[in-house]
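Following are the structures in question.
Paired with subunit B in one complex and with subunit C in the other, subunit A is shared by the two complexes that follow.
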Partner chain A sequence: MTQRGRAVLAAAVLVGAALAVPLEAYLKFGLVLGNDVRVLRQALPVRYFVRDLPVEGVSVADLDTAVSRAFDAWAGVASATVRAERVGLTSASPLEEDGITVIGFALQPDLERTLGATHYTIDITTGRIVEADIFLNSRFDWSVAAGGEPGRFDVESIALHEVGHLFGLGHSALGETERQGSGRRLLAAGSVMFPIAFPPGSLEGRRLRPDDVAGISDLYPGPRFQDETGSVTGRVTRNGRGMFGAHVVAFNLTSGRLVGNFTLSDDGRFAIAGLDPGPTVLRVEPLDDGDVESFLQPVTGIETDFRVTYSPQLVIVPRGGSVDGGVIEVSR
Partner chain B sequence: MRRPGAAPATRALPLAAAGVTVWLCLHAPPVQAQPGQTSAGRPAAAPSRAQPADARPPRVDVAVGVKWDRGGDRGTREASLTGGGIPHGGEVVLFRADTRQASAAGIAIRAGVRVTGGLVVEGGAFISRPSIDTTIRDDVEQPEGGMSTARLREFVFDGGLRYEWRPRAARLRPFVRGSLGYLRQLSDDRTVVEAGLHGEVGGGVFVPLVRRARGMRAAGLRADIMATLRRGGFDVDDTTPTRAGVALGVAAFVAF
Partner chain C sequence: MRLVLTLLVTVLAIAPVLDATTSIPAGVAELAREASLVVLGRVGRVTAVQDPATGRVERHVTVVAERVAKGTARDEVVVVVPGGTAGRYRTVFVGAPDFEPGESVVLFLAPAVRGGWRVLGLGGGVFRVADLAEGRLVIPPPILPQARSPAGASGRIVRGAQAGQLVTVDEFLARVSDLLDRPPARGRVP
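What follows is the complex of A and B.
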């Protein structure tokens, strides 16, 4: 007998990641099957349909092109193997559970801060992804203009983020925000997979960053990925006790690339893969630039009242290997 | 009665017979009568006949000692995020990282072979354990910044030319030299290797303290001061590929 579960996994703006199980070297989605935790990974190529529903300012052809470009951006990551195949247009809604992967607009008036979301339907006996639908919330104003349009969100940018979820990536915390009313305003981001979108009119979400490249390559490694990049492991502690949920960023001093991850165990261990070889600074900061639940589950016990701390050890990441980054002790 | 030129030989013989090394000689430098120089109670030496062995420059010299490299800047990098401007946000600096190689002392070995006159072909090796230190500043959330350090293993193998003088009135032998070599730096766990070029231009002086002992022609101290040029190795900023620096060396030498 086949049981099926359905869960909302992620969205562009502050939607909880109900099944986000942290695994390995980049935050991916995982599925608990009995005693086993399985990484959520698509069978390739991903076959998708585009919903034939236009919105003001965005025709179906515009949407089709923008979604195609988003898939192409991920598929263009040389160190990863992701591929997708557009099947065609469909009148099916991305909100329906119908066994096909649909990407398109849908009206979700109650989701006042959700630009888009990715829903998985998973066979929980096998862990197979049955479908992964992406909706873009048509309560917002959208654009596909090459130069962006003030007041309108860029379809390709939001699609790029959601397609990252579709492939199995969780959220990155590589960004800075400030509180604005009940929400947050983005100040800067270093990853397409940051959960808070660039503002309407911005085109910055169209470009994958090193953090995204590391994430997708870690999940779908190309033949040379392991040989050409390196990784760092370590622990974050406070008063000698391991911390779960601290945000750790690796900054390669030669390439200038930033890749982040979290401490993902109670003893404060972290691992960051897909790094450029060379001298690398490790920076630890609290998970305070978004709702904690948009990054990790469970959210209990995550401490955010400590200072940004740099590792005393400058790690030198080897090509094709891993280096121990030691212990980084943080304090208030 | 003392014959001209006898002093160095007679002073050296007991030391050699007792098996005293060059290093001990350095602690008790002998007083030598120099050409044209008169010490109290001593006649002036007559160099050309009394010291025939010293009149010719040594053919081979070997020096072992300590070299100190001042290190220097290895570049600045900005960790940047993308801002929320429209349509493009520009860069927002998360923090800046200044990296330098710290000064370090290590073991230096040099050997020279005289080619002609004062010209010597020289090669050497230098082994040290410098650190590279990265200072963090301008962090958007933490103004105090931080410091991250890594220990390296550094090796330099070089070759070049030395030209030395033998002034008639002084026992010192000043020289100038230049060399170019291979730089090899390894991470402390030896998993990462960075190679490069290391050049030196400078000068120095030999200070002979012992002459004609145990088959050697002279032994003493050698001091070097060098301007260094370096390309490659652990360097975070490839827009400034050649780094200038300073190094000092002091060594014990023997010449044959």
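What follows is the complex of A and C.
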């Protein structure tokens, strides 16, 4: 890990200890402000505009409805408190810095593999989010068809992912890809926050998964979230030394639900919150199958040269509490 | 007890920006085919520039070319990357790669619409190079077509399956050249 990264990390520890921040167990956007690290959280409700620009196959009304459904999905998470408010239509582009949050289509010819993206403007003297826009790249073909449409990407699925970012969630690594010809494609994802999209025509990305629910609830917890779920903490080591950037997945044997997070310190500590109570298996795996920067920055010091390893014993996640999952030693 | 454990864990995201794009993944073969320029180089300057028309900030990353595996390049290549800090405002184009002066990278590039070069697939076209005891390695090892995974050329990509399979930057560039069906480049093109 770079000295910069260590300094940032140290700042995070100190801030956490000094201010007694609540458990932050899902990957979120962080902002370095001097010696401080802040989690980006939106002031609620998020007030947004929809760009009044249609594309072939998707009218402005279609876009408006799909975006609204995406916000509704996040707002419908019972254990979280996120809310959004549609202000109206606008001719403003989501690519402009204008102080308002705009969601809509925009042509980004240089982004030949990016379906959509969220970007923020932040006042670095205060940490305030000045605006956060989402664009859907109109160089691709889009659809809002209820059953999906071959050759076209689903607006609601991509909007659902990007709205998760708008609220402050980072990427989840719960997904699996395969080689296909000279490229790759997504086989399965355990989270809409997995950074790789399903192929055109798929509607798989329209449904929030337990990992998403845990993440948004951890960031904007409802009054009963911490009482009704549990968490697990632990360490991942290699040759006895803590390891940064390992992906840790909690699998509940009763509910079958998966929730993931990463080791986010040099001593290899991790925390996963929002778990169903009950017997749980922990699996540690390297981020060696894709763009590490998609999950963590800086990437220097992230180890990916080890084999998948399971916790030596089951952990029993308590309701309303936390369990120590112990140390998981990995090796090449 | 929970509060105590809470204080022991470090769970804040550690960076000013994380990726927030939804993307279509690219394999190395696709990147090699689509790139106009594939270059091994060392990052020099990183300069933030604000577009007066939109207010958006982009970074101009100067990369000193060491070897060119595809295309032609002068000694320095300027890569345009969205996002950056101008004055008190930071434009965070989440998904764009971060570059540190002095680091070595292999970049798969295409011409940017407004001049300069852009990275294919945002971060997907960036491969970091580290000088380690085992050699000058690409970290993490790139997922190459065929051979490099027990899953085979068309199977699932299994995390951890590449453990211990080190890929030097020379091997990587040679594979890229193989994919392009031409001999490896020997040096920078003036």
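Remarks
Throughout what follows, the second predicted complex is superposed on the first by the 302 of 332 C-alpha atoms of A that agree within 3 Å, B and C clash if a C-alpha of one lies under 4 Å from a C-alpha of the other, contacts with A are read in each partner's own complex, and residues count from 1 in each chain.
Please note the rule applied: a residue touches a chain if its C-beta (ideal position, glycine included) is under 8 Å from a C-beta of that chain, and two chains touch if they have at least 3 such contacts.
Model, not experiment: these values are computed from the prediction.
By the touch criterion defined above, A:P150 reaches subunit B but does not reach subunit C.
With both complexes superposed, C is the one of subunit B and subunit C in contact with more subunit A residues. By the touch criterion defined above, A:G256 lies against subunit B but remains apart from subunit C after alignment on the C-alpha atoms of chain A. By the touch criterion defined above, A:E285 lies against subunit B and subunit C together after alignment on the C-alpha atoms of chain A.
Of the two partner chains placed around the shared chain by superposition, neither subunit B nor subunit C is touched by A:L63. Judged by the touch definition given at the top, the superposed model places A:T233 against subunit C, while subunit B stays out of reach.
Legend: residue contacts after superposition of the two complexes on their common chain; A:V77 is shown touching neither subunit B nor subunit C. In the overlay built on the shared chain, the residue A:A214 is in contact with neither subunit B nor subunit C. Contacts of A:G321 after superposition on the shared chain: both subunit B and subunit C are touched. Of the two partner chains, subunit B is the only one that A:G201 touches; subunit C does not reach it.
When the two complexes are superposed on chain A, the residues of subunit A that touch both subunit B and subunit C are 176, 185-187, 285, 307-308, 321. On the subunit B side of its complex with subunit A, the touching residues are 75, 77-89, 92, 94-95, 97, 99, 132-134, 136, 139-142, 145-150, 187-189, 191-192, 234, 236, 238. Of all the residues in subunit A, the ones that touch subunit B in their complex are 147-148, 150, 174-176, 185-190, 198-204, 209, 249, 251, 253-254, 256, 258, 277-279, 281-283, 285, 307-319, 321, 323. Residues of subunit C that touch subunit A in their complex: 1-3, 5-27, 29-30, 33-34, 54-56, 82-83, 85, 88-95, 97-98, 100, 103, 110, 112-113, 118, 120-124, 126, 128, 139-141, 143, 145, 151-160, 162-164, 166. Per the touch definition, subunit A reaches subunit C in the complex via residues 2, 5, 8-9, 12-13, 15-17, 20-25, 27-32, 37, 39, 93, 95-98, 109-125, 130, 158, 161-162, 165, 170-171, 176-180, 182-187, 195-197, 226, 231, 233, 247, 261, 264-265, 269-271, 285-300, 304-308, 321-322, 324, 332.
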